[in-house]
Amino acid sequence: MTDLNGSRPSGRAADQLRAVKITKHFTKHAEGSVLIEFGDTQVICTASVEEKVPPFLRGQGQGWVTAEYGMLPRSTGTRMRREASAGKQGGRTQEIQRLIGRSLRAAVDLTRLGERTIHIDCDVIQADGGTRTASITGGFVALSIAIEHLIERGLLAENPIIQQVASISVGVYQGTPVLDLDYAEDSNAETDMNLVMTDKGTFIEVQGTAEAAPYSMDELQAMLELGRKGVAELTEIQRQALAE
Amino acid sequence: MTDLNGSRPSGRAADQLRAVKITKHFTKHAEGSVLIEFGDTQVICTASVEEKVPPFLRGQGQGWVTAEYGMLPRSTGTRMRREASAGKQGGRTQEIQRLIGRSLRAAVDLTRLGERTIHIDCDVIQADGGTRTASITGGFVALSIAIEHLIERGLLAENPIIQQVASISVGVYQGTPVLDLDYAEDSNAETDMNLVMTDKGTFIEVQGTAEAAPYSMDELQAMLELGRKGVAELTEIQRQALAE
Amino acid sequence: MTDLNGSRPSGRAADQLRAVKITKHFTKHAEGSVLIEFGDTQVICTASVEEKVPPFLRGQGQGWVTAEYGMLPRSTGTRMRREASAGKQGGRTQEIQRLIGRSLRAAVDLTRLGERTIHIDCDVIQADGGTRTASITGGFVALSIAIEHLIERGLLAENPIIQQVASISVGVYQGTPVLDLDYAEDSNAETDMNLVMTDKGTFIEVQGTAEAAPYSMDELQAMLELGRKGVAELTEIQRQALAE
Amino acid sequence: MTDLNGSRPSGRAADQLRAVKITKHFTKHAEGSVLIEFGDTQVICTASVEEKVPPFLRGQGQGWVTAEYGMLPRSTGTRMRREASAGKQGGRTQEIQRLIGRSLRAAVDLTRLGERTIHIDCDVIQADGGTRTASITGGFVALSIAIEHLIERGLLAENPIIQQVASISVGVYQGTPVLDLDYAEDSNAETDMNLVMTDKGTFIEVQGTAEAAPYSMDELQAMLELGRKGVAELTEIQRQALAE
Amino acid sequence: MTDLNGSRPSGRAADQLRAVKITKHFTKHAEGSVLIEFGDTQVICTASVEEKVPPFLRGQGQGWVTAEYGMLPRSTGTRMRREASAGKQGGRTQEIQRLIGRSLRAAVDLTRLGERTIHIDCDVIQADGGTRTASITGGFVALSIAIEHLIERGLLAENPIIQQVASISVGVYQGTPVLDLDYAEDSNAETDMNLVMTDKGTFIEVQGTAEAAPYSMDELQAMLELGRKGVAELTEIQRQALAE
Amino acid sequence: MTDLNGSRPSGRAADQLRAVKITKHFTKHAEGSVLIEFGDTQVICTASVEEKVPPFLRGQGQGWVTAEYGMLPRSTGTRMRREASAGKQGGRTQEIQRLIGRSLRAAVDLTRLGERTIHIDCDVIQADGGTRTASITGGFVALSIAIEHLIERGLLAENPIIQQVASISVGVYQGTPVLDLDYAEDSNAETDMNLVMTDKGTFIEVQGTAEAAPYSMDELQAMLELGRKGVAELTEIQRQALAE
């Protein structure tokens, strides 16, 4: 991968992640809880176990994983209107929380989870680009901690997690494909793509959007390659955090 | 591309589109209006011109293209609850209409459109899979007709359309990558991907979701290739419809 | 009935209906489905069978017929705001769908329908006046087809329909009572009255509203007479459509 | 008119109104305010003057009259859910307040009212049938008082009221047409019709609904005749109240 | 207590209540119903018995008392927007109805009430300050009448009321602590405090808000003393009303 | 003050605050930002400056301070429903944010603030009783930092803060008045009172609610005295935090 010769606002190499930090047990009530940081982006991810499933799954002998996402009103440079006060979640919020839920369900064999729901709440304390990828990556760790908790308490006999799931953004910034866009890059990128992948290098979601101009097959391939590298690093960071 | 030996429920070849039909001027009031059919999927797309822009664009000398999407309650096999009656648009509806809007804005040089908004309404009369790809493909034609109407009436001096935009789904069905999934395939696919592309073969959106299992890089590449072929055929059908 | 000597915008005689056309099986999923046209007014009416009744009727051994009504945003000359997006159905929509539901319940012996609900959805594709009367008239046909479907499948032993129900508008336009107002007349009428009647000439609903000026008993009587004639023609058209 | 030989639950003759009482200045803040009683039905009607018009009328040199309707939760035999708490006005409420607004606008030459709005609020304190007819009849008096108030304060040079408006219900109860149904009759009537008429005997609204069975032309004519008599009595009561 | 030498707008002494009047059985449907007047403030309080409890109390062998509060749109000097039309209850309304509910639950031994709910509806017909204190004071009487009704009908063996509850406002107006503020005082007071107390002189709620400036401990003590006197008078008035 | 001999669940003396910690600049975007901890209760308070005022204040030459409050869904022992997803803020939330706003407005001379709004957002990360008192106490510090920021940037010539504002809870727990209730105490207290006071020992708000039983004048006095002591300590902690 070509170095941008310092042209990224952060001075990072094109294929370089921001500093990623996972603090486990960040809050005390949830069965699983982490603070995940992708540079200045900070998200609290909690996993809450509820011993029942939604109506559409009752009596089918399987569990469910679902997610909600929110931003504190002043997690951003300009204060956003509080969604609870506006009376509804915006389209962007709904898209993101549906994406988190789908992604994390792919990590779990729901039939082995039993008839219970795990709610993942991802709340952005501070935003600097990449809040959805941090949410998925941290949400996986919170989910894993909650499942360990169920195993420790004897509520689960075997671990229903079948693979690790992590997510990263890639994009084309000033003509060059780059990994893990921060806000300064994200708001000026020609293209923005979010990848959700497993620790086996397979794909769960590919969502690529041309912002300024359509992108070519070559650019698409370069972005996929960068993302594959980034997710490999993130799944290693997840393993280390869980092993501590 | 391997033939499925008739194993698609419809008997189509793996790389074969359904019959696509575009009926122009389907309703009389809108500046642009088509009925688009992808097999049994039928969507009315209208383009309505409004001579003002949303508040966030006022005074900036540019126009806007936005979209809304809906399904008639019994466009589907089981009646769905009417969203107007439920009091809100669901997350899926919002995702789709945001996708249609983003995709069609990529077709237009908004500064050349002038300070006006074109509203694209995509209403599904009958659903059989692929309603969002039909909406984008038909929406482009409705948009083009509305712009011709503005040119004919002297309200636009030059055509602001910079490229054609069309969309198709691809997926992995029973282990084989296939083009343009109908409902029977869509509801059983391992993977479902929607591509929005230009007539130049570049990408506007790639949205691929693993449904049953993560997909490999090889499957991803095969799907991208199929989609490229399908969009090329759709842009040809759009050209013929507009030329009539 | 005095002829207006061509003074109706459409050139019709005062007591002349627009061309009325009923296309059965317009969409494929619903148990009953028609497209009804009153001139340029086009409404899709579907009847969906649900094998349960609303809470207030449970265990009472009777069925229910209910209706919802909607207009596509650009079914009208100027685009209307989509009700699903606005977050609620307007007062006019609620009035109309309550009227359709009441009217069609009068066609059916609900105790003979069994503990099931038939949902009538009337969606206006193109509006040119008289959308509620077209909805009732077409809704009756969709309802009848759905009931035939239940009989054919052995779910109903006898037909619970006790009478035909159809609806027409009458009004006073430029001082003359006229039948079946189109939009050009409706928006300028002194008085607008909607009649819902049976094939036996009895009344289900009379709703007459003075728009520009109160109307006299003589005008009321003339409108009732015109409506009686119009409904007689509509019930004949319904019979022919059902017999085909 | 045939006497029912005492068979009405109230013992009234078929063509007999309940005791109607209008108490002016029932509350102190509103420009016009009355308590109107139709027997045990009690409605507070206030008229509030606002010195501006809704957006769709701005700059057109005319005024507006609009109405809202509500029922106290325990105005009825069984407590109803409070609409403010439910988060929306039901379909019945909206129908009624639209009817009241249309009816009272017919009483006023809006161009002579000037660019102001008169809001009529009709709040049912106690319900025993006929709340909408009491609301219209009392609303007219509150409106008249508010207009007198404007004239007294020199804000209006001439009275814009062009005719009196009053309303009454008629129905078919146990086979006999009767005037002014109370709750005991209303809930068992075969047919229920609300008439809004002027002091000149002309019609503003006719709304007749078959409840148990369609009604014949003869029954319709008998109800219209009864209603005409009832409204004539109500307009006389309005005149007396305003003259005091 | 210092006399204000007539400086209260109403001419009352600093420790003088307005004329308080309680009219029992003001409306006929509710199990308990009063009109309570604190001078020009008029509130209809009804108590409605429902033979079930909210979900969170089911099967616990106890009852519930809850309250809702509303103001007629023109109960005030300027018309307020109707909350049912606005689609939600404002923050002030919710605060007040939560206060009324908490206060009246303190009057009742809920386990002796049995598994039923008493709904208290407080609807302000005319407002002149002190609507929440009038609501609580009148609500207690309506509640008591409903309970007597239950006893008379044999549905309750013993009276679950354990103490009387009444409420009054106190404040600092032009530097002097005063009792029972009317609107002219309330809108200009430095401090406004609402007390809910029992007939035993104990406290249920103390809610004191500095409006113009913080208040001292001395002012707080003076207000508490005034309130104690006012509540003692109100509980006597309640006893007389219930004894009649 | 009597020691409880260790009977408080936390082992604190009756008049002892929890450890209170204020971390300034907790997030980077807001003009003022703190994390405040009252023991295990953790609240992020941000102050956001907006250079305009709400419509009701436009053109009056004064500023505004307003507050919003929220809890992360799993800040509590059992996950709460997210208010943004529920579609509205509950009554408790609205009460608390109105209280925070009123309290902090008392700290500021709004005319000296200029025509701008300061939004205080209080988001509870972890709850263990006393979230509203922590919000007010921390909100004052965030507000002060934002005002220092305005002064540093030359947007304000003089400091509009006129007094410090802090808040603490007091209650009666197992018969003894105690200061700063944590969740274990709060959920079992006989009485719960929140005091908002200034650094001068005057009162902004007193809100005392009998939970299990009415409280006597003696208990009220003891709680007021405890609160006075607690607020004095809190204002000292605020001063130290601001001085650092």
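Residue numbering begins at 1 within each chain, and the chains themselves are lettered A, B, C, D, E and F in the order written.
In this section, contacts are C-beta pairs under 8 Å (C-beta built on N, C-alpha and C of every residue); 3 or more make two chains touch, one makes a residue touch a chain.
By chain, UniProt protein names: A, B, C, D, E, F = Ribonuclease PH.
Values in this document were obtained by computation on a predicted structure and should not be read as measured data.
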item: Intersection of contact partners for chain C and chain E; value: D
item: Repeat of the A-B interface, chosen from B-C, C-D or D-E (over half of contact pairs identical by residue number); value: C-D
item: Euclidean distance of C-alpha centroids - chain A vs chain E, Å; value: 51
item: Approximate Å spacing (C-alpha centroids) for the pair chain A, chain D; value: 60
item: Where chain E touches two or more other chains, by residue; value: 88
item: Overall pattern in which the protein chains touch one another (line/ring/star/complete/other); value: ring
item: Touching residues (chain side chain A, partner chain F) in the complex; value: 27-30, 33, 40, 42, 44, 46, 48, 50, 68, 70, 72-77, 79, 82-89, 93, 119, 121, 123, 125-127
item: Of chain E, residues touching chain F in the complex; value: 88, 91, 94-95, 98, 102, 106, 163, 193, 197-198, 200-210, 214-217, 220, 224, 228
